[in-house]
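These are the structures, in structure tokens.
Each of the two complexes below includes subunit A, the first together with subunit B, the second together with subunit C.
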Partner chain A sequence: MNNISRRSMLAGAAGLFVAPHLTRAQAAKPRLTVISQWSAGSDGAAITALGKKFEEKGGTWQHSPVPGFTTEMMNKLRAQIMAGDPPACSQLKGPEIAAWSKIAPTVDLDALVAAAGYEQVVAPDLARLHKPAGKWISLPLQIYSTNMLFLSKRAMDKAKADKIPVTWADFNTLAQKMKEGGVAHPIANGGTRPDDGQKFEAALAGISPVAYRAAIMTLDESALKGPEVKAAFAQVRKIADWMDPNTAAQHYSTNLQRFVAGDMGMMIQGGWAQGVLLNAGFKLDDFIIAPGPTDNTKPVFLLNADAFIFWQRKEPDLQAGQTLMAQLVMDPAIQTMYSQITGSIPVRSDVDLSGAGWSDGQRQTAAALKEAVANNQAVLSVAHNMAQENGMTAAMIDVITEYVKNKAITPDQAVVRLSDAVEGAR
Partner chain B sequence: MTHTVAAETRTGRPVTFGILRRLPEHLAIWVPLLLSAGHLVSFALWTVWISFTPSTLVPVSGWVGLRNYTAVMATRNWQIAFDNLLLFGCGFVLLSLLTGLLLAVLLDQRIRGENVLRSIFLYPIALSFVVTGTVWSWLLNPGLGIQKLVNDIGWTSFRFDWLIDRDMAIWTIVIAAVWQSSGFAMALFLAGLRSVDADLIKAAQIDGAGPIRMYRRVILPTLWPITVTVVVIQLQFAITTFDLVRALTGGGPGLATQLPALVVYDLMFQRGLLARGAAAAVLMLLILLAVLLPYAGWRYLQRRQAAHA
Partner chain C sequence: MRDRIFAPSRMLIYLVVWLIATAWLVPFVVVVLNSLRTAEEIAQTSMIGWPKQWAWSNYVTAWAEFCVAQTCAGIRPYMLNSAIVTIPATIISTMLGAVAGYAVSLWRFRGDQWIYGIVTLGIFLPQQMRLLPWTIVLRDVGLINTLTGLVVIHTIQGLSFTTLFCRNYYVAIPPELMRAARIDGAGFFRIFWRIVLPLSPPILIVTVIWQFTHIWNEFLYGVTFTTGQQQPVTAALIALSAAIADIPQHGVQSAAVMIAALPTLLIYVLGGRYFVRGLTAGAVK
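Here is the complex of A and B:
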């Protein structure tokens, strides 16, 4: 008894000694410094909503958006890392996560990921990107497919067609029908580099996901020079011939009005185009969304995923903020909220998309992802910097964008140029 | 009165007092000059150093020799950019020079409303190149701008689609750049025209020279120092052009309108290849020096001749 009381007294004394620190650490109000490029439109609205949730949980949300291209966000990130003051959390995606994690220490999220059971519900190719050295250091937040097929209802009427094309042959037939039915340009497109890149990746992955994996993701030389890549370039030429040549360097969204009006017929775009269409005031029944054409008739999913990477900080409030943020990002309710605002689909494959608030397009996208993962036909997008680091991606897109704009280049020449460009950038 | 004071300082006061008295002037001139020169030179040297390192996402030390330079010069982007720079540089400088001179000579005719016209011609230079580029990208777009206008009026076979023509797209940048900066050339030339010695003109008039002959033989020859200045200023602008192309063509169609500054930005910030970008930047600096050093030498010779004469 005596002993015990002495022990408890000791413990009590120790407790007294430690307690202030404990309470301070526990009471450290979670705070999070975040940088991302999401400032306006549905992206801005979604991250603002996420910030509100963070604040509801008692945190202080300090988001500094860097509007514009991803590269501008990266410039700010680079400057902050070099100054020794990285944000607690920043947007980053694809192979860039591995590249950037080598220049500054990141947070080990393994315990939090295990607690949330996140690993089991993330597509394996995607999971690999977010734990480059074996440990989770970043968390994917939402998924888009870059090869969704958008069909203009009015253009379909002009072509007197109601069948959604499944293979590239169907696609080409429908485009021809649209042209004959008076649709000025069967393909709606912008003229930016990612736009051109998307046409190529959709063509190659649709022709053969196996060849895509070998040529684009693992840069296998014989695959790069293989017949599938040549066939993909030939398909891209057809697509380019159906586009409006006047788009010059315009953004694809410039042409949405003409697309909905039936002046342009089909659009191969990322799932985000749904959010952009709705944001521009168009209705869900103005267009149809379907998975991109695939010659083996099973959906091919070109993955593009936004993610957050967590940078090591010493401040207890920032560390508490990182824990809270990681928990929020993996939370199915938060992913639901986020995707419903942006038009993406949740990373978690166990989120139920049958309820209100989800569109048919999103349900189809999620179903396509499930099926594509099951058939090993979910691959990483090169046009949106998911398959390769930026230097390699840019070298490949150089070839593709020149090919789209220069009709004098033959598919054979393009194949040679592509493999040369890859060799040069290695 | 002032004369005597000056004489006193020259003879009696110690030199240090003179320096102290002029301290504010020295501070005002030398501190900013040294700071900005130091800033410029130190960053230029730093860029040169980076161009010899294996840096990618962030600067790292190390030595790779000329590897970055050979790699950059072997890329298609750089070769296209360099060819474009020659076309754009020559086309832009010559056209803006001629347009500016023509405008200046026309304005020099003591016409009514000169001030208004001068402001109008000078106005484009007050615009940001991004604005110029964006507006011209609409005007030159065959589906929206000039071509569509002419087609709609009734001349349906009219074609003006340089913006989407790979071979001609670089000239759209020349058009926009000339529009933007010929007012600047005009202002300099006009100042030159106005400073021609009136006696010279009177003498020519007495000798019976007509207006065309007067310009050709008497007035324009006195303008050539200004011409050299305009050429050098426009050339250094041409070499560093970035925002105009970015807004007008985005470097496209394809890679057709790449320019060196675009390649530098692309390498450094889009591809995450700092050292390659730095090498491209140093190459740009060398091109600039190739323009500026002869100019500096020419100025030096001129000054020496003036001193001897």
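Here is the complex of A and C:
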């Protein structure tokens, strides 16, 4: 007892000694250590611009990009957490936010989110991902759609068509017309895993967003074996038959020239592809952008969103930095700046996209999101790791990729394979 | 002699060799050509094609201009980082491997074969499996996020290969030579210095080539255990690969790949003739 009181006295004395330094540190300039995989190109430019804004507000910006795939960044994050030195803030997305939040303590952002009124302007499914245990610990920064439809003007001319397809039936009719009109491959595609995954998720969500939610997002067993999933695989087979098979592992942009020239007809990509087309030197009237096919004619939006998670730090300057960063990320002006650089759309549904600096692709994407949210048809992309954790996603994409490439597999077999893969990864 | 060169079997061998060489060189030719084409030209035509106008500026951009995060200095500072890690790690691991290989091949001591076995076991451990243990080690010795930490990792991990190479080479040294030296009163290090090392250049060159290439091209540890401006050249190269919403900069990327490959190419050109000879030395003993 005696011992303890002496210790607490010592601590009190030390506290007195330290206190002036503490207050001075709290007033010290905000500092932020950040890990992301955004290093070069428009991604690098956007986060650097965000860093500049952070510095303009009097902060010190310490960004360490980890170039490459997400796994590399996760390795780095794990190493920093194990070394007892987590970044104050790091890029993370989808269900991985919930998984990683169990590894190290995160910052409770509820008060800041409430002050910014952020919850009211974020799509509900998206908001849920960023508050895994009911509290906001991470903030979404930008949104991409994965299922916008791009039509080649020259391919449309060859097909003598001018109507934009709305349902999958319209889509199939148009593709058939293109094929008959001399378009070598009615579908333009790349050969990466997300590419194949995007075809499947666009098909299923377009056929039935309700089935997509049940089968892919909540992994409901009967939905996974349901008729919609089978219909989606059948649609993917049609798409695969219209694709150029010689694109293994290629980036979708490799085929943009053939798309614009009318050798390929339609492309299912994010709205960002408009920027890619323009940067490659093509013109706005080379192509048309529309929401992805949807059988109930109301837009379905497959969400892919980037976010920051905030890790607990004791240093007052880092804490001040986290507060400033959170405020910046939720700021409509910052989201505007960011999305205009990367080609995404803002998370906030109240940002006006009518001004200069926004492209038609972005306006269409934002309009589709608004309508999809209103009709509860905004769902999370599985191809881009938004619907499930990495292991489950990989198991599902394995089945889809094999199905796209191996035409001997029937839709019936694919349904069984998919539900088996889900069972195995559960 | 002439007859033998033009004999049908010879011609067939040359044909096959040329075919294989061509197949291997095609990707390289594509990279060289693309390093001289603009990104726009590649996007508007095809990945494979002859440059319409020679875009030498790709090399300038790659060497000194493109941006990684806030720093726009091209590949140059990252080349320096890689050199700072690769050169000492190559030299130290080669020297230690030579001594270790000499010890396990020419000296008998209790457990020598076990030690040799355990050291070479490192060859078979996948990189990812060693990532977390290294994290803990670097954290505890305070070398996380330093280039010195990378030198330590590559030196220690390199020991598996360098010991294996040197041991296999040194077993060919006749035991009589060792015995004679010992009768003359030479000890462990004197024999190494006076007898073994002068016989070693071929295997040391092989080991240096092997280590240099591997460490220079390493990526996983390079990005995990460094931060910001300390990253190796492989990280800068990966940074150039396209994000989903970007048009890939194939031109600058190819130029950067060419520059980044120069040091390893140089090492091969200088020491290549020893490479196959050294690798197979002792293999049949």
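Everything that follows uses one rule, which is that the second predicted complex is superposed on the first by the 400 of 426 C-alpha atoms of A that agree within 3 Å, B and C clash if a C-alpha of one lies under 4 Å from a C-alpha of the other, contacts with A are read in each partner's own complex, and residues count from 1 in each chain.
The working rule: a residue touches a chain if its C-beta (ideal position, glycine included) is under 8 Å from a C-beta of that chain, and two chains touch if they have at least 3 such contacts.
Source: prediction; values computed, not measured.
Peer 1: Can A:357 be said to touch subunit B (first), subunit C (second), both, or neither?
Peer 2: neither
Peer 1: Give one of first, second, both or neither to describe whether A:244 is in contact with subunit B, with subunit C, with both, or with none.
Peer 2: First partner only.
Peer 1: After superposing on the shared chain, does subunit C or subunit B touch more subunit A residues?
Peer 2: Counting contacted residues of subunit A, the larger count belongs to C.
Peer 1: When the two structures are overlaid on chain A, which partner does A:256 contact: first (subunit B), second (subunit C), both, or neither?
Peer 2: Once the two structures are laid over each other on A, A:256 reaches subunit C alone.
Peer 1: Answer with first, second, both or neither: which of subunit B and subunit C does A:105 touch in the superposed model?
Peer 2: neither
Peer 1: Between subunit B and subunit C, whom does A:58 touch in the aligned arrangement: first, second, both, or neither?
Peer 2: neither
Peer 1: Tell me the contact category for A:40 with respect to subunit B and subunit C: first, second, both or neither.
Peer 2: The second partner, subunit C, only.
Peer 1: Which partner does A:227 contact after superposing on A: first (subunit B), second (subunit C), both, neither?
Peer 2: After superposition on chain A, A:227 lies in contact with neither partner.
Peer 1: Based on the superposed arrangement, let me know which partner A:78 touches: subunit B (first), subunit C (second), both, or neither?
Peer 2: Touch partners of A:78: subunit B and subunit C.
Peer 1: Between subunit B (first) and subunit C (second), which, if any, makes contact with A:394: first, second, both or neither?
Peer 2: After superposing on A, A:394 lies in contact with subunit B but is clear of subunit C.
Peer 1: Which subunit A residues contact subunit B in one complex and subunit C in the other?
Peer 2: Residues 75, 78, 82 of subunit A touch both subunit B and subunit C.
Peer 1: With touch defined as at the start, can you tell me which subunit A residues reach subunit B in the complex?
Peer 2: Touch residues, subunit A against subunit B: 71, 74-75, 78, 81-82, 96, 99-100, 103, 191-192, 244-249, 389-391, 394-395, 398, 401-406, 424.
Peer 1: For the complex, give me every residue of subunit C touching subunit A.
Peer 2: Subunit C residues touching subunit A: 39-40, 43-47, 66-70, 131-132, 135-136, 138-139, 144, 219-220, 223-225, 227-228, 231, 235-236, 238-249.
Peer 1: In the complex of these two chains, what residues of subunit A are touching subunit C?
Peer 2: Those in contact with subunit C are residues 38-45, 47-48, 51, 61-68, 72, 75-76, 78-79, 82-85, 144, 194, 251, 253-254, 256-257, 270, 272-273, 275-276, 279-282, 342-344.
Peer 1: Where on subunit B is subunit A touching in the complex?
Peer 2: Interface residues on subunit B, with respect to subunit A: 56-59, 74-77, 137, 141-144, 161, 163-164, 166, 249-250, 252-256, 266, 269-273.
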